[in-house]
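In this document, chain identifiers A, B and C correspond to the written order of the chains, with residue numbering beginning at 1 in each.
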Amino acid sequence: MDRRLSTKTKVILTLLVIIVVAFLLHLADKHMDAYKLRILNLIAIYGIMALSLNLINGITGIFSLGHAGFILIGAYTAALLTLSPEQKEMSFIIQPIVPWLAHLHTNFLFATLAGGLLAAFAAFLVGWPVLRLSGDYLAIASLGFAEVIRVVALNAISITNGPLGLKAIPEYTNVWWAYGWLLVTLLFIGSLVSSSYGRALKAIREDRIAAEEMGINVFKHQLLSFVVGGFFAGVSGSLYAHWLTTIDPRLTTLGPMLTFYILIMIVLGGLGSISGSLIGAALFAILVEWLRNLEEPFKLFGVIQTNGLPKGSRILVISAIFVAIMIFWQRGIMGRNEITWDNLYRWFSRLRRGEKNG
Amino acid sequence: MAKGEPLLVLDHVTMKFGGLVAVDDFTNEVREGEILGLIGPNGAGKTTVFNVVTGIYYPTSGRIIFDGIDITPLKPHQITHLGIARTFQNIRLFQDMTVLENVMVAQHHSISNPDGDRILKMNGKKPKMNGKFWFWRSVLKLGYMDMEKKMREEALNLLEKVGLASLAYEKASALPYGQQRKLEIARALATEPKIILLDEPAAGMNPKETEELMDFIKRIRDEFDLTVFLIEHDMKVVMGICERIIVMDYGRIISEGTAKEVQNDPKVIEAYLGKEWEVI
Amino acid sequence: MNITFLVQNTFNGIMLGGLYALIAVGYTMVYGILRLINFAHGDVMMMGVYFAFYFAVLTKSNVVIAFIVAVLGAALLGFLIDNVAYKPLRNAPRISALITAIGVSFFLESFAVVVFGAIPKPFTSIFKSQTLLMKVLNVGGARIPVLTFLVIGITAVIFVFLFLIVYKTKIGMAMRAISADIPTTSLMGVNVNFVISFTFALGSALAAASGLMWSMRYPNVFPYMGFMPGMKAFIAAVFGGIGSIPGAILGGLLLGLIEIFIPAYFQSMMMYRDALAFIILIVILLVKPSGLLGKKAVEKV
């Protein structure tokens, strides 16, 4: 039986939720301490990263490991645009910055858009050859491209400032930018997935050949998914750079480890589920912060003083949890299901019917 | 195109995989409105013929002409857009999607197959796509909801016609085997084809289901104005509904004709002897 | 740019290539059997080196004994990883096993960080006499460390043993059979699980051997030391034809030579040395994904 709510009802409900969330964010912005606020923003950034990777890996079934590369491109592009010419001149001490970049300066919105667009373009270039390969090869090739991007970033000193990276990036990322972009990402990807295109992408995931035989240009649709995912990866990169205020290409935090983290988020939440990706991102951010606290001296049960776990235990625990999830609980929290108004409505109706029957 | 005219023509089609000749100089045609059977022992190359026609393989030599268009170099999604649909020997449904979604996927090419349309226009035929810019329109929901509603209604209609409407919201993987086969056919029908290629549709069915299938195929041929090209091992089906039969062995055509003619052809009997066949 | 330069670089290239080849063989054997890219392979190599280091330091034993212990320890580790993390996923989609392998890799690396510490350790400190490591031979004008000859020699011997095992023993035959077809092989009475475990153990032992020799040449031991060599060895395996042992050896040798020769003759490429492997990867995947010695697989529809 298919009980559905009317489109109008769903739109109104969604708008209500947005208003409530916006209000809560406003309260948080005013009253939360700086540290917690930072985590809150990070959750949104992770959310965008998770949503964009989930579109590629979970919904279309393309096992891409190159996401960090697109995030990096978005980060650099946006930061180079928001840094003032004077700041750039000061930072680029190994080699002066390329002249055409020196005077480019714009606001956060355009910088983020530019980051997203450039990342999308990179995704197009990378996807074109890489998507012709099958599963395992695709994974490695995408990882390879991400590494190449990182190595180029390390060495194209007159563009990226090489190993010195970019510092003192203005901390533009606040609750409104972070959650605003998260909303945009959610609406865009959600709308895409619920449309015929979404069905086509899922069909490609289920059975490529059957999808092609049903009239779907598999390559074109995979590329589409890849480019959209790349765009939002770039956006998240910009937000991340303006949250962290530095970009250091040597650190693995913007390399394979980041892609791994995002993978954990989407697997934890349920590969293929949009709501799952958000849940996974939030849980991951909180878990990592909680574990980070454990690495400092803390009081066990509030009484016994301990020295804190050794540095680096965070990742150890996370990877152990991740492997355990993969072995015992591959579905993740949501599996492939979504939290939608229709699903909630059906769930409530079933509860109500259960009550009526006694 | 008038009934009886050749709709799909295979012209000296040969398919080699390295040294193995899977299809050897296959020349024949499928005529508008007919139900044509393709039979032969296992490994005769029947499915390979289907795969070549639908564009999965590019033939080593020869041409395939459909509705007057040379489709030999075309890709599968373009060929489907032009009007050839198929089912698979091993059911290839989109398992994790619902019955309705499986059918609706097959409608996607009506909003997203520009290269297919290009080929239609090049050959003087009417383009099939319903407008342009559907990607942006579907994301931004600009005039998309009506299209979605239309596709949904047509899909439900189709399911009604084939008797699967009550299962529309079940996952494809949850369906019993016989229904899954039906769903595959329904999905193929949703692409709005002129000709449908059925690869062993009766496989694994009991006699009652087979009877129903035979009626079903005849019915859809009439109701949807189709041409049917089918591969089968079940001789009851073949002799029962095929107006014409082609027999393959080792990649070549060894006989063709009506059911009676083929049954009595000594070459056919020889091909099947020793392979434990019962020709009813 | 003369003969001595050429000779020196050739020996260096072969040595490096041999080390890559040892690791690459482990990747290719596992892929051939399970179609799994064992991301954790490079980290098993790292663990092997740490095993040797700590064993020698804690028991003050002879280096040779420490090496043997390390190789056996790595073999055991490889076996354990397969049993705990990969075996439960034998029938799961390949993506799941791949993701799990990545997880195991990060697990091992962070384990090393926590337990062994992130600060690099000097491998050569476990050698009682450093003279052998330092000795340099003069070969017609080219100065080549004795170590280079030693490594090349040992690598060659290991490969001879490997070929004997794979082509002349029953278990080797079983390995080759399984990489062609698992269900049929098990129907032939072969204990598939045992052979798979053996393959993991063997590959890990080879990786550890490579790591030990690597550390003699580049004595910095740190938790992430397996990442790059592992990645590059995998690329070498793909380059040569994943699933083919001769391919892995060929790929490894070629990669080693390329990594030495290109920066040697094009000084400006020195910075991009690490990227060379990835460029090779991208090129080979675009031009001939099955690799130099690999065969194209046709997907049955």
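The rule is simple: a residue touches a chain if its C-beta (ideal position, glycine included) is under 8 Å from a C-beta of that chain, and two chains touch if they have at least 3 such contacts.
Here the structure is a predicted model, which is why all the values come from computation and not from measurement.
Farthest from chain A, judged by the mean position of CA atoms in each chain, is B. Taking the mean of each chain's C-alpha atoms, the chain whose centre lies closest to the overall C-alpha mean is A. Averaged C-alpha coordinates put the centre of chain A at 41 Å from the centre of chain B. Chain C has its Cα centroid 33 Å from the Cα centroid of chain A.
In this assembly, the C-alpha centroid of chain B lies 49 Å from the C-alpha centroid of chain C. Within chain A, residues 209 each touch two or more of the remaining chains.
In chain B, the residues touching two or more other chains are 56, 88. In chain C, 301 are the positions where the chain touches two or more neighbouring chains simultaneously. By the touch criterion given at the top, residues 1-2, 7, 188, 191-192, 195-197, 199-200, 202-203, 206-207, 209-218, 221, 224, 336 of chain A touch chain B in their complex.
On the chain A side of its complex with chain C, the touching residues are 63, 65, 129-130, 132-133, 135-137, 139-141, 144-145, 147-148, 151-152, 155, 209, 257, 260, 263-264, 267, 309-316, 318-320, 322-323, 326-327, 330.
Interface residues of chain C facing chain A in the complex, by the touch rule stated above, are 31, 35, 37, 84-85, 88-89, 92, 94-96, 98-100, 102-104, 106-107, 109-111, 113-114, 118, 231, 234-235, 238, 271-272, 274-275, 278-279, 281-282, 285-286, 289, 301.
The residues of chain B lying in touch with chain A in their complex are 54, 56, 75-77, 80-81, 85-86, 88, 92-97, 101, 104-109, 111-113, 115-116, 134-135, 138-141, 144-145, 147-148, 151, 168-169, 187-188, 191.
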